[in-house]
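Two complexes, one shared chain (chain A), two partners (chain B, chain C).
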Partner chain A sequence: MKTSFQSPQQFFRQRRLRLSVVLIILIGIYVTSMALVNFQTWTSIAKIPAGLIWLFHNFIPTERSISYLGPILYQLWRTLLVSISSTIVASLFALIFAILGAKTTTPSPVFRIVIRFGASLLRNIPVVAWAMILLFSFKQSDFTGFLALFFMTLGYLTRAFTETIEDLDAEKLQALQAVGANYFQCVFCGVLPEAASTLTSWVLYMIENNLRDATLVGLLTGTGVGFLFDYYFKSFRYDAAGLIVLLIAILVILLELTSTQIRRAIA
Partner chain B sequence: MIENSQPKPKTIQPVAPQTKHVSLVTRPRKILRGVLAGLAIITIYSLATLNNGNLVFADAFKSLGVNLNAMFLHPGVGQDTFGQLLRALVTSVSLAMLTTLLGAVIAFFIAVGAARNLAPSWLATTIKAVMAFIRAIPTILWVLIYSVVMGLGASAAVVGLTFHSVAYLVKAYSESIEETSQDTIEALKASGVGFWPIVFQAILPSIVPALLSWTFIRFEINFANAVAVGAAAGADDIGYFLFMAGSFYFNFHEVGLIVYLLLAVAIVLELVSMKLRGHYLKHN
Partner chain C sequence: MLKVIQLDKTYGSNKHSLKNVNFTAQPGEVTAIIGPSGAGKTTILRSINQLIRDDSGQILLDGQDIRQANKAGLRKIRHHIGMIFQNYNLISPLTALENVLHGRLGAKSTVAGMLGLYSNEEKTEALELLDEVGLKEYAYQRCDQLSGGQQQRVGIARALMQHPKMILCDEPIASLDPKSTKIVMDILRRLAKDKQLIILINLHQVDIAMEYADHVVGINSGAIVFEGATKTVDDDVLQKIYRQTDDAKTVVSANEN
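Entry: the complex of A and B
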C-alpha cells in the first residue's frame, strides 16, 4: 500500500471506513439480487431443516430399492465409461491444439489466436446448450452425451494444456534448438516428457469433473445415470433416486481418492 | 642400459568404473505410463461398445451443421422479446451473485471450524467428511431434491446452488486458513487474544487474496450452474428460456441468441477475473 499514515488512529479509522464501504456494497448487491431473483431469505432458510428431515425420511434406500440396483449399477458404469472416454479423446485433440497454440511452440502466431479464441468459445457455451443442439441431431443415445462432454472438455483442456506448456522453461527449448534439434524433436523430446505429469493430472481432474457433469448431461439428453435418476424421481420412487444419489457420491469420492493417489505417485 | 627392446615397464592402468545402466524410466514414469495405458484401454473399450442408437453419422453431422448455422449465423428472438431475455439474463447473474455471497459467508464460518490449526481435529475431520459428501453429489441433484421440498422456483434453485457452493468454498477456505503459519496464531494466543479477534484481525487479512480468487472462481461456476439449473427447476432465468427454446419450440435461432448473450457475460467475467488477479498479484 502506498498511502502513508500519520498516526495509528488514522490508520484504523481509514481501515474501518474501507471495511464499511465494502460491507455496504456487498449488502447492496445482496438485496438487489434478492429482489431480482424474487427470493425470500428467511422463509427459505426456515424451510431448510424441514427439507433435510424430509430428505432423510424419503431418500433413505429401503429393501425395496435393492431390486433397482442392477440397472442403476449398469448405468453408472456406462456413465463412468462415457466420462473417461470423452476426456481421453478430447485430451488427444487438446494436446495437438495446445502444442500449436502455446507461445513457446507455436509455428505461427495466427494459430495461437485462432486456437485461443476457439477454446474460449467452446468453454463458454453452456453444457445445456450443447446437450440440446446435439440431442436434436444425434437423438437419444450415449453418443450425444459423449459429444457434449467432449466439446466442453476440449475447451477446458486446450486452455489448461496451453498454459502448462507455456509455463515450462523456455531456455531448455532454446538449448535444444541450439544443438540442432528440429521442431518435432523439440516437441516430442523436450516439451512433452517434461509436461507429461502435469498434463496427466489435468486429465484426471477433468475425468472427475466430467463424471459430475455427466449426470446433468444425462438428465438433459436422456442417457446414463442422470436419466435414470430423473425417471425414478419423476415417478416418485424416491428411495431408488436416493440410492442413485448415494452411489454417485460414493463413486465420485472413490474417483477423487484414486486420482489423488495417482497424482502423488507420478509427481 | 635400457634398450628399446626391453619389455615395457609395468604401469598401473586406472580401472574403468563398472558401467552402470542408468534408466530414464523411473518409477513415477512407469506409473504414468501404466495409468495412461489403462485409460487408453478403457477408452477403446468404451468407444467400441458405445450405444450410438443406429445413427447414420454423415446425416447426423450434416443436420448438426444446419443447426449450428441457424444458431450462430441467424440468431433471433423467437417468440420472446429481447427485453424478456435480458431480464432473464439479469436474473441469472443475480442468482449467481446471491448464491456466491450467501455461500461465501456461510462457508467462512464453517471453514474456521474445519481448519486444522484453529479447531480440534475431530471437528475438522467431521466437517471435512460431510462437505466432501455434499460436494460429491452434483449441484443439479441438490436443486431437484430441494425443488420437491420447496416447490419449483427461485428458492429451490438458490438453496440448492448455495448448498454446493458452501461445500466447495469450505474446502478452499479451510485450506487457505491452514496455510497461515502456526507461529502467528500461537504468538497471539500467548498474548491473550481471543478466538474471534485472531480470526478476524490476523488470519482474515492475510488470506484475503486467496479468498477473493476462490470466491470469484466459484462465481463463474455458479453462473454456469445457474443456467443449467434454470432448465431443471424453472427459476425463470435464462436457462429456462434456453430449455424452452431448445426442447419445446425447437427454435435454434433463439438458442443462438441466448448463447451469444451468455458468451458476452462469460467474456466480461473473464476480463474481471484477469483484472482482479492482476491487481492482487501486484499488491502482494
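Entry: the complex of A and C
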C-alpha cells in the first residue's frame, strides 16, 4: 500500500501531537487517582520540611550511638552472610532450572512450561509474604530469613538466567553440534562460557538486592540487623536506629562498588 | 566423495525450500555453491550435516548415507565433517586454543568433553593447527579480541582438529575484508589439495568462486540449474543461475564493468 508522501513538517507535527496526547493522559491518571485516595498534593508538599526537620533531629547518630556500634556491626555481618549464602545457593538451583527451561537448551517443552510457571510463582510472592508464611513453619530464626530470600531469589534468577541463555547466539551452539558435541558438552563448553559473565553480574546484583531485603525480612523473623532496627526503634532509641540505616547504606554502597569492580574484571 | 541425491525440503514458505537437489563434490577439489539470496544455499549445506532435517533424498559421504544414521552414528559422522560460518561462531570468551580443542568433542566421552579434559597430544596438535593457519602467537587470546579474519582461521583450525573428510563453509568470507578473504580462501584451497579434503563453500561473490573453485553448483529457487567445472561457467550460465532477481542484475552489471 502506497500513500501520498508525507512532508517532514507533517511528520514532526503528528509526532508532537501524539506526545502531547500521551502527556495529557498521564496527568489525567494522576489527578484522578489522587482525587480517589483524597490525597491533597499541595498540603502534603507543605508538610515535607517539618517532617524532614523532625527526622534529622531524631535520627542523626550522636556520640551516644557509638556504644551501639558493636552489636550493630555483628548483626550486620550476620545479615550480609545470610544474603550472600541464600543468593549463592539459589543461583546454583536457578542455573539448573534455567538450562532445563530455556528455549535453546530445554530437553522438552514440558520442562519449559513447568519451570516458567514455578519461577513466576516464586517471584511474584513478595519476600515479606514469604517471610511471614515461613515464620509459622520455621519459627524466628536465621534459617527462616534464609529460606524467604532463597525462594524469592530462586524465582527471580531462574527468570533472569533463562533469558540470558535464550539471548545467546543459537548459531554458536549449532556450531558445537556440528562438531559432534552432545547435549551436555554443548551446555558445558558453549552455553556456560558464553553466559558466564552475564550470569555473574546477575548474582552480584541479587546479593546487593538481598542485603536490602534481608533487613526487611529480619524485621519480621526477628533476626539480623532488621530485628535490631526494630528493637531500637520501638524503644525510642532513634539515633541508634539511624546509625543502622546509615551503616546499611554504607555497606550497600561498598557492595555495589565491589561488584562493579568484579564485573569489570570478568567482562 | 560426497553425493547428494534427490534431496527435498519444504518449509511453510517457499523460500529456502529444496527441490530434487542432485550434485557431487570430489576430494581434493573446492566446490562452490552459488545462487541468489534465499535460493537455499544454506539449507543445502546444513542438510549435509543434518543441522537441518530434510524431508527426503540421500546424502552419501564415501557411500554412507548420513540421513540414515541414528543419534550416535550421526555424532560420529559429524565428527568428521568440519564446518565454518559467516559469523565464525566461536565461543568468544574462550581462548583460540580452547576453541580449536572443541573440534575433539565429537570423539570424546561426555564427561571428558564437559570438563575439557584433553590429552597432551590433543593440546599439542591444537597448537600446531593454529600454527598452520598462522595464529600460533594468538593461541591464548580470547576469541572476541581477534579480528574477523583471525576468528575465521581459528574456525578452520577447529574444523581441522576434527580430522575431517570434508569442510562445509557457509558464506565464510561474507564478513571479511579483501585481504582476509584472500588469506582464508588460500588456506581452504591449500587444504583441499594437500589433505585431499572435500571443500564445499556457499558463496555470494561470483568472482571469488571463479578464482578459487574447481567445481561450481548453481542453484536458483531451491533447484540445481547448473553443475560443472568452473571453466565451463560463462555469462549465459550466470544469467541462468541469477535470473529474475535483483541480485542477478547487480552481479551481471558488476561483471560487465
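Keep this in mind: the second predicted complex is superposed on the first by the 240 of 267 C-alpha atoms of A that agree within 3 Å, B and C clash if a C-alpha of one lies under 4 Å from a C-alpha of the other, contacts with A are read in each partner's own complex, and residues count from 1 in each chain.
Methods note: a residue touches a chain if its C-beta (ideal position, glycine included) is under 8 Å from a C-beta of that chain, and two chains touch if they have at least 3 such contacts.
The structure presented is a predicted model; accordingly, all values stated were derived computationally and were not measured.
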When both partners are placed on the shared chain, which of chain B and chain C touches more of chain A: B
Contacts of A:176 with chain B and chain C, given as first, second, both or neither: second
Which of chain B and chain C A:62 touches, first, second, both or neither: neither
First, second, both or neither for A:185, with chain B first and chain C second: second
Partner chain(s) touched by A:196 [first = chain B, second = chain C, both, neither]: both
First (chain B), second (chain C), both or neither touched by A:235: neither
Partner chain(s) touched by A:260 [first = chain B, second = chain C, both, neither]: neither
Chain A residues contacted in one complex by chain B, in the other by chain C: 196-197
Footprint of chain A on chain B - complex, ascending: 27-29, 31-32, 35-36, 39-40, 42-43, 45-47, 49-53, 55, 60-61, 63-64, 67-68, 71, 90-91, 93-95, 97-98, 101-102, 132-133, 136-138, 140-141, 144-146, 148-150, 153-155, 158-159, 224, 227-228, 231-232, 235-237, 239, 242-243, 246-247, 250, 252, 255, 258-259, 262-263, 266-267, 270, 283
For the chain A and chain C complex, residues of the former touching the latter: 169, 171-172, 174-182, 184-185, 187-190, 193-194, 196-197
Contact set on chain C toward chain A in their complex: 49, 51, 75-79, 81-83, 85, 87, 89-94, 102-103, 105-108, 110, 113-116, 158, 162, 168
Interface residues, chain A side, partner chain B - complex: 1, 26, 29-30, 32-34, 36-40, 43-44, 47-48, 50-51, 54-55, 59, 78, 81-82, 84-85, 88-89, 120-121, 123-129, 132-143, 146, 196-197, 200, 203, 212-213, 215-216, 219-220, 226, 229, 233, 245, 248-250, 252-253, 256, 262, 265-267
